[in-house]
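For reference, the structures are reproduced in the following blocks.
One chain, subunit A, appears in both complexes that follow, with subunit B as partner in the first and subunit C in the second.
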Partner chain A sequence: MTAITASPLVEVRHYRTRSRLRRAGRGLFLAVASLLFLGYVLAPIVWLVSSSFQSEHEIISKPPHWIPQAPTAQNFAAIFAARDSSVTYETRKARDPASGGFIPSTASNLLPAMLNSFIVACAVVVLNLLVGVPAAYAMAKIHFRGRQASIYAILATRVIPDIALVVPFFLFIRNLGLLDNIWSLIITYLAVTVPFSVFVLVSYFESVPDELDKAARVDGCSRLQTLTRVYLPLARPSLVAVILFAFLASWNEFLLALMFTQTPASQTLPIVVASFTSDFTISFSFINAAGVLAIIPPVILALVFERYIVSGLTAGAVKG
Partner chain B sequence: MARIEFKSVTKRYAGDVIAVDDLKLEIRDKEFVVLLGPSGCGKSTTLNMIAGLEDVTAGELWFDDQIVNALPPHKRDVAMVFQSYALYPHKSVYENIAFGLRMRKVAAAEIDLRVRDAAAKLEIGHLLNRRPSQLSGGQRQRVALGRAMVRQPAVFLMDEPLSNLDAALRISMRAEIKHLHTAMQTTFVYVTHDQAEALTLADRIVVMKDGVIQQIGNPDDVYERPRNMFVASFLGNPAINYLEGTIDRAGGSPVFRRGDLAITLPPKLAARVAAREGQELVLGLRPEDVCPAGEAGPGMVLSGSVDSVLPVGSDRFIGLKVEGRDVFVRVDKEARHREGTSIQLGLVAERLHLFDKATGMTLLEGTSS
Partner chain C sequence: MTTTVAAAAKPRLGGVPGYDERSAFLLVAPLAVVLMAVAVFPIVYSFYISLFTIKLTRPGRTPFVGLDNYITVLSDPQFWYAVERTAFFAVLCVSAIAVLALLMALLLNEEFPGRRVLSALLLVPWAIPYVANALMWKWIYDSNYGALNGLLYQLDFINSYMVWLGDSDKTLALIANAFVWKEVPLATILLLVGLKTIPADLHAAAKVDGANAVSRFFHVTLPSLKSSFGLVVVYETMMAIRHFDLFFILTEGGPGDASHVVAWRIYVETFRNLSFGTGAAMAYLLALATLALAYVIIRALARKI
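Moving on, here comes the complex of A and B:
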């Protein structure tokens, strides 16, 4: 009799212990997996930042120093000093003590290229929003003839790899007389980014109920006012996604920039940084310092919009 | 404060789907009109055309003495309540209600006055600072009503506003909407597929099917004198019973026959079927139009076997098998019928309906009246 009454209790206790263990095990697994993933993602960036504060001599030491033993800001100083002078084969050794005196001959192009990159990226972001937002609203909410076809056409352009477009783009830009002009980059980057922006915004606007659109219009909004007063405030997470995407795509773009820009007047950051690797001498510490400068604007952008990025990730997960 | 008139209005969507076909309808000033029909009957499209949210494909739509076919919604003096409430999720309750007034550049003091007044009437004054996501369904419904009310529009449109509420709330909101109509003294157009809502609220009901008006009339008209079998079966719950049969004049006065069932038609119906001997007709019997067999006249008795007994508190429904047909009737809750037994019930002569089987049209009205 006692055995019969005791056994369910023992069973329950066993069950509880087992489920507690299982939960703890799962937690441990997730923690380890997250740490591994975090290391995988962060290690290159940590090394980039760390090595930019090291001398050339320290960078190549074995084992590598994750934390600089003799931190130096000379790499950065050299970047800003390079602005005022040109480097030749003869003068290349006198610049950056940290790199043993070597800096790339194109070092003075770095800061102007950063400015070019920034102008291009900002222009692409602004024009993306100006074109993408109204286009997406129209495609999502106005039932015009050929609506589906135009959405598919826009999507189809994203299937074509950029490399296939290089030659047609080149001829197009040359005929416009825009070679070696940052406008050539703005125009071609728009062609590449706008379809994606429209696609992101269309899918968001489509998820906003039609009745909200109708309510706004009955309440006294014209189409444009409906867009600005109801849709844009609601679409903030998607807008942030579009801004980040357009900015990063332009900031990082290499192939088209390589084709259309020949001189520092229009060269962008990726082109100039890449040129450092094919110079008289290769200075790792200098290149890494340039790399740190190159990631600063995207990082700032991400920090500014961080709040919306998170809400963008969870948008639609919970019914409002 | 507006009369709405549809002059042969047609709405055709891409792909040649006709949503509304040759609609002729006049909605009088300050009238409460309910558009009633199953989903896809064109009632919401009709409402959207009044609001200006859908284009009119052909025909003319008039507000008073102005043709409004091309007038965009924000230039028409209409307010609308939606089934999903369609509150702006990023605005507080206050701003939701005030938005329509802000868009019309009403002075801030006036807006505040009207918003608080409407909120007090709807008993949502304490919710003004909340977001729609923090409200219950019933509260959202009230905000949506408030948003339309403060506008003091010429036309008040409602698209199934109560469908998302639970049953008890729906009934109390019906009363409030009726009260609102009296208080606002403006034209109401209300879309629903719920016949009980239509019967409770409407001055006139417009029954629609497949984009075509089936009948227009006050609630009594459409319930008591349905023009066709669709209208008859769409109104009333449980639905009207239909028995197909033929007219037989063997004994002098016309008799409706179906198998062993013979119902002597009262004089009013008899006159209507004078020329229809031998034709297939449909007898319509509403569940409540029966009485104990002893109270009915001769030849007005329905016999059948009890198939099911469904008490609903206030009274009982019984399912009968009559000549191979299921017939639902409502009886007193004191009546004790057992399943499987045979019973007889009397018919209320003046409340029977007769329809032409081929066309589905009623035989109770028309040229010979």
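Moving on, here comes the complex of A and C:
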């Protein structure tokens, strides 16, 4: 009898130490894994930011200074000052000790390009909502002939590679006389982004019960009123996701902008930043500062709206 | 006419629930117009262009050549070389993405303090522009002052600074690394969704049956992830074979022709050689390859709808 009661007690104590050990081991393992994860994801970005605060003189030290020893904001100052003075071979040599005089000749285009990027991205967002929301509502809530087919068609347009559209787009835009005009970017970005927007919105509208739709209709709402008064307030998370995706895609797009823009009148941020590398003297300190400016808006948006982005991505990718 | 319109506009509570073609048409019309103008028309027009010899260097002379451009492209060893480079690049990228994303998703699927912070920071590479990504890696790989050289040197792996992107044996792998870093977050999120849908009972049952963590991983977790994995692999393959930005900024197809992938070749043929016909033919072949892959993805998705 005693032997029988004693053995579970020993067992329990044994089990407790084992589980405590296991928990400590699990904690250690997760901590190491998290550090590796963080290192992989953040190290390149941290290095970019660190080198953007180093002078051209410091940046070429061997081995590199992982943390700037004499941090300077001169690279950023050079970007904001680039507009005031024209860059010639002589001024490049004489000016700006921080970058060793290697300011790229296209430096003054950077801030106008940022503005262009911002205008294009906002216009694409607005058009995405105007075109995408009604269509998504119809596809999710109204039965009509060809409904399934239209969903498949949108899926199909989502997967056409942009490089395959470049030649016809170019001729199309040239014939419209829109080369080197930001409208060429707004139109083509709309085509590239709207399928995904519709996709995300359809999957959201489908999750809203049909009864809501019927109730609003019985109460005398028109289709448009049902959409604006019942669905839009409910759909706020997916609208935020759509706005973010359209904005980020436009802000980041490179290939089409490379084809359609030629002058600062329409060049977007990625184009101008990329042009710094084709300059005959590459100034990495300056390029890194420009790179930091280019990633600040998307990184802030991603971190602030993380929940919306993740739910939008999973809705858009996993469910029809 | 007016009566039918009025009748159709009324909610039809009797017939098929929610059947309302006129409203649907009006609501879908703007989208249809946009997609027709900027997606369907270009892809048809692209095929039309590919049937002509269009060289911007010789304006005014655009003879119809039928499928000659396709024959020219397909019998060009350079094109097949580009296909081989693209395939190699895609295989590198997709296998690395699959492994890394699985590891990261498994980590984020655990409950521990700081998990929320990790999953938020994971979005950073996803959000930044490819151009910034490319410049960042160009700086890291720099053969004179780059961080990769500096790090390996400090850790005593190398005795002197090495050439990275300029070494034709390493170029594609290094570009693939930059691509993988940017694409892993999305793949991780997709796999994480798959992991979350695995019922906890399944693991509990396997545990009762005496399965250890490793065999539970191979017999419960991996099989349940099959469809998410398929989605990731197909999607990332599509992204890898069309990728252009990194090649433009990091290597311009070089050194020599070591990173001369199909997307880069299309760009060179079209906008440097100004031969729109053959450029369009190549672009069309790439689109067909992508659509074939897309067919697989759509069928996989359709099963879920």
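In this text, the second predicted complex is superposed on the first by the 290 of 320 C-alpha atoms of A that agree within 3 Å, B and C clash if a C-alpha of one lies under 4 Å from a C-alpha of the other, contacts with A are read in each partner's own complex, and residues count from 1 in each chain.
The working rule: a contact is a pair of C-beta atoms (placed from the backbone, for glycine too) under 8 Å apart; a residue touches a chain by one contact, two chains touch by 3 or more.
The model shown is predicted, which means the values in this text are computed figures rather than measured ones.
Visitor: According to the stated criteria, A:145 is in contact with first (subunit B), second (subunit C), both, or neither; which is it?
Guide: In the superposition, A:145 touches subunit B and subunit C alike.
Visitor: Would you check which partner chain A:48 touches, where first means subunit B only, second means subunit C only, and both and neither mean what they say?
Guide: Second partner only.
Visitor: More residues of subunit A are touched by which chain, subunit B or subunit C?
Guide: Looking at subunit A, the partner in contact with more of its residues is C.
Visitor: Report for A:219: first if it touches subunit B alone, second if subunit C alone, otherwise both or neither.
Guide: The answer is first: A:219 touches subunit B but not subunit C.
Visitor: Applying the touch criterion given at the start, work out whether A:255 contacts subunit B, subunit C, both or neither, answering first, second, both or neither.
Guide: Touch partner of A:255: subunit C, not subunit B.
Visitor: Based on the A-chain superposition described above, do subunit B and subunit C contact any of the same residues on subunit A, and if so which?
Guide: Residues 143, 145, 214, 217-218, 320, which sit in both footprints.
Visitor: Please give the residue numbers of subunit B that touch subunit A in the complex, ascending.
Guide: 14, 48, 51-53, 72-74, 78-80, 82-84, 86-90, 99-100, 103-104, 132-133, 147, 151, 157
Visitor: Report the residues of subunit A in contact with subunit B in the complex, numbered from low to high.
Guide: Result: residues 143, 145, 209, 211-212, 214-222, 225, 230, 233-234, 320 of subunit A touch subunit B.
Visitor: Mind listing the subunit A positions that touch subunit C in their complex?
Guide: That would be residues 27, 30, 33-34, 37-38, 40-42, 44-45, 47-48, 51, 59-64, 130-132, 134-135, 137-139, 141-145, 147, 150, 152-157, 159-172, 187-188, 190-191, 194-195, 198, 210, 213-214, 217-218, 223, 227, 248, 251-252, 254-255, 258-259, 269-270, 273-274, 276-277, 284, 287-288, 290-291, 294-295, 298-299, 301-303, 306, 309-310, 313-314, 317-320 of subunit A.
Visitor: In the complex, go through subunit C and note every residue touching subunit A.
Guide: Checking each residue of subunit C against subunit A gives 11, 13, 16-21, 23-28, 30-32, 34-35, 37-43, 45-46, 49, 100, 103-104, 107, 110, 112, 114, 118-132, 134-140, 142, 144-147, 150-151, 153-154, 161, 181, 185-186, 189-190, 193, 228, 231, 235, 238, 241-242, 244-245, 248-249, 263, 266-267, 270-271, 276, 279-280, 283-284, 286-287, 290-291, 293-294, 297-298, 301-302, 304-305.
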